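Consider the two complexes below, in which chain A is the common component and chain B and chain C are the respective partners.
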Partner chain A sequence: MSQQEALFTYCLRQADDLLILSHRLSEWCGHGPVLEEDIALTNRALDHIGEARNLLTYAGQVEGKGRTEDDLAFLRAERQFVNTKLVEQPNGDYAFTIARSFLFDAYHLPLAEALTKSSDAQLAAIAGKAVKEAQYHLRHSSDWLKRFGDGTEESHRRAQAALDGLWTFTGELFVQDDLHQGLVKAGVAPDLIAIKASFDETVDNVLAEATLKRPVDGFMASGGRQGKHGENMGFILAEIQYLQRAYPGAKW
Partner chain B sequence: MTDLTILEERFQAKIDAELKIEPKDWMPEKYRKNLIRQISQHAHSEVVGMLPEGNWITRAPSLRRKAILLAKVQDEAGHGLYLYSAAETLGTSREQTIDDLLSGKAKYSSIFNYPTLTWADIGAVGWLVDGAAIMNQVMLCRTSYGPYARAMVRICKEESFHQRQGYEIMAVLANGTPEQKEMAQDALNRWWWPSLMMFGPTDANSPHSAESMKWKIKRQSNDELRQIFIDRTVQQAEVIGLSVPDPALKWNEATQHYDWGTIDWSEFNNVVAGNGPCNKERMVARNKAHDEGAWVREAALAYAAKKLKRKAA
Partner chain C sequence: MSNNPNNWPLWEIFIQSKRGLEHKHVGSLHAADPQMAIENARDVYTRRQEGQSIWVVPAGAISSSQPEDAAMLFDPADDKTYRHPTFYTMPEGAKYI
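Then we have the complex of A and B:
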């Protein structure tokens, strides 16, 4: 695989995580537990879409075949999406949604910080914009996790169940395959061992304050980065891509 | 002269002098009640209005459209928040106001009981529904109650952006493929008359209007605003090659306004009475969100109480 192909895939990995998580969060729109949270989730969905658009546009430039952000978002099939399985998980209850975002945020913030130092100027610039947003996202999800963990018996139970259910999807965030290692050597991508250390520290600190237990590392799900998703993924794409697929070539 | 009469006269004199009424000022009970009704209805409309538009976020046809729609619906939620706060300045709690919506006691704009069936409906809602709402809201920037007027200034800025984006969606569709143009025309056909109904009953049949005008809560009548809206919107439709579904529509040189047909008030009354296409779905969705969010709100309160207690200890 050429460096160019590796960079293209690396952009898609990040973009797809953000696009699919944004989709899940936007499903809450109008149905949040309180108006302020409706606004917060919509806002997060909007931030994620913004970063995904930058990454997809850049991926299209790197690829050099004239594909736009919309071509990449709306005209790729299930097996061509390379997001982690974490972000495609259905919303569940509010604790599940918050825990899913928390686990992603605890990974996304140090990743964005590290990418600001990437040897690839465009990736560094995109990350530079994302860092401020990612800080707010992590604060938002951490605050709610603390409220749930140290709130009522019910909220504690729900938050713990959410973490226990989601933990198996965290391993995939830190897998460094040959493609990734090549980019680390070139100074384009950060070493995920350092990102994982930051993730662990955030998780331990927040869960301690939330009086929640960190789940024990067991079997870790994978496959998302290779386009082997759960059955949900087809339905997500059927929804996202409906108009573009139904009216090929139309401009919107 | 009784004390009450003196207070009422002073109040009216203030209004006549174009001074704003502020939360701590004396005001007639009916003025307060009228405003609470109107502001809370307005707030509920913003919140229920998120449902038909949110319906298309996950299916928006491009990432740009998706981002714009997300931002727009987020704005509507923000408007709901301001307005609930404005209602609170009149001595009603947000919980009570929301309970009144969920129990069906309080109303919201009937327009949101119509479904968004196709993507073009997102264009039509922005163009026509927000367009009609703006006519009212621009007037409300000068309403006599200070907190309401100030909330409305910011809301109007955002709404005029919403209206433009809706019109732009329609313009792109109208100039697109034959299927897209058909989609746009169909949306205009379905949303035109309900949008005209948004201005409320005719002046002769508007129960709250006279008092609202005297107190300068309202400054233009339902029929005046409706006519301005028609004059403006018919021309906008012509520019993008769509036709307004009213065979009686005709420019009148003498009045310098469009003459137009008759609103089917039986449809309006039917939707207000709860029999619109989506009344039940909207209330089920709001109640479900509220009920399923109960444990979240309880957790937040319990956590805040614990924190406060620890701080005190």
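Then we have the complex of A and C:
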């Protein structure tokens, strides 16, 4: 695989995580538990989609075949999406949605911070814009996780159940395959061991305050980065891509 | 969307748009505590670059004049135009008055 192909795939990995998570969060629009949270989640979905757009546009430029952000978002098949399985998990209850975002945020913030030092100027610039957003996202999800964990018996139970259910999807965030290692050597991508250390520290600190237990590492799900998704992914893409599939080239 | 099932208290939100300017009342929202009120205010009232500082005040902490007292309180100022500094001649060259 050439450096160019590796960079293309690396951009898609990040973009697809953000695009799919953004879609999941957007499903809360109009259904939030309170008006203020409804708006908070929608803001967050827009932040994620903004960063995804930058990454998809750049991926298209790197690929050099004239594909736009829209082509990449709306016209790729399921097997060509390389997001982790974490972000495609259904929303569940509010504790589950918050826990899913918390685990992603605890990974996304140190990743964005590290990418600001990437040897690839465009990736560094995109990450530079994302860092402040990611700081706020982590604060928002941490605060809610603490409220749930240290709240009522029921909110504690639901938050713990969410973490226990999601933990198996966290391993995939930190897998370094040959493609990734090549980009680390080139100074493009950060070593995920450092990102994992930051993730662990955030998770331990927040869970301690939340009086929640860190789940034990067991079987870790994988496959998302290779395009092998769970049963939910097809439904997500059906909703995201319906319009462009039914009316190719439609504009408004 | 459910209608505030938790009975969270109401907070009045004040946003400062620029350093040096006053904090202006922009509206109210529900939140469980000051921290949540500030974060909610950030999401509800500063999405379009409206502010650079947020104050939140429990709505119950604000005392208000009563509408039925309006005539007594405010009408007496109606015929006292001399309280406006409009009867002075502006000195030559004074710009910022």
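Keep in mind that, in the parts below, the second predicted complex is superposed on the first by the 252 of 252 C-alpha atoms of A that agree within 3 Å, B and C clash if a C-alpha of one lies under 4 Å from a C-alpha of the other, contacts with A are read in each partner's own complex, and residues count from 1 in each chain.
One rule holds for everything that comes next: a contact is a pair of C-beta atoms (placed from the backbone, for glycine too) under 8 Å apart; a residue touches a chain by one contact, two chains touch by 3 or more.
Everything numeric in this text was worked out from a predicted model, so none of it was measured.
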Is it chain B or chain C that touches the larger share of residues in chain A?
B
Quick one: is A:43 in contact with chain B, with chain C, with both, or with neither? Answer first, second, both or neither.
both
In the overlaid three-chain picture, which partner chain does A:140 touch, first (chain B) or second (chain C), both, or neither?
second
Regarding the shared-chain residue A:34, is it in contact with chain B (first), chain C (second), both, or neither?
both
Chain A residues contacted in one complex by chain B, in the other by chain C:
30-39, 43, 147
Can you list the residues on chain C that touch chain A in the complex?
1-2, 4, 6, 8, 29-32, 35-36, 39-40, 42-44, 47
Residues of chain B defined as touching chain A within the complex:
47, 50-51, 54, 57-67, 70-71, 73-74, 77-78, 80-81, 84, 119, 169, 172-173, 176-177, 179-180, 285, 288-289, 292-300, 302-303, 306
Complex interface listing, chain A residues touching chain B
23, 26-27, 29-39, 42-43, 45-46, 49-50, 52-53, 56, 69-70, 73-74, 93-94, 146-148, 150-152, 154-155, 158, 239-240, 242-244, 247, 250-252
Which of the residues in chain A end up touching chain C in this complex?
30-40, 43, 136, 139-140, 143, 147
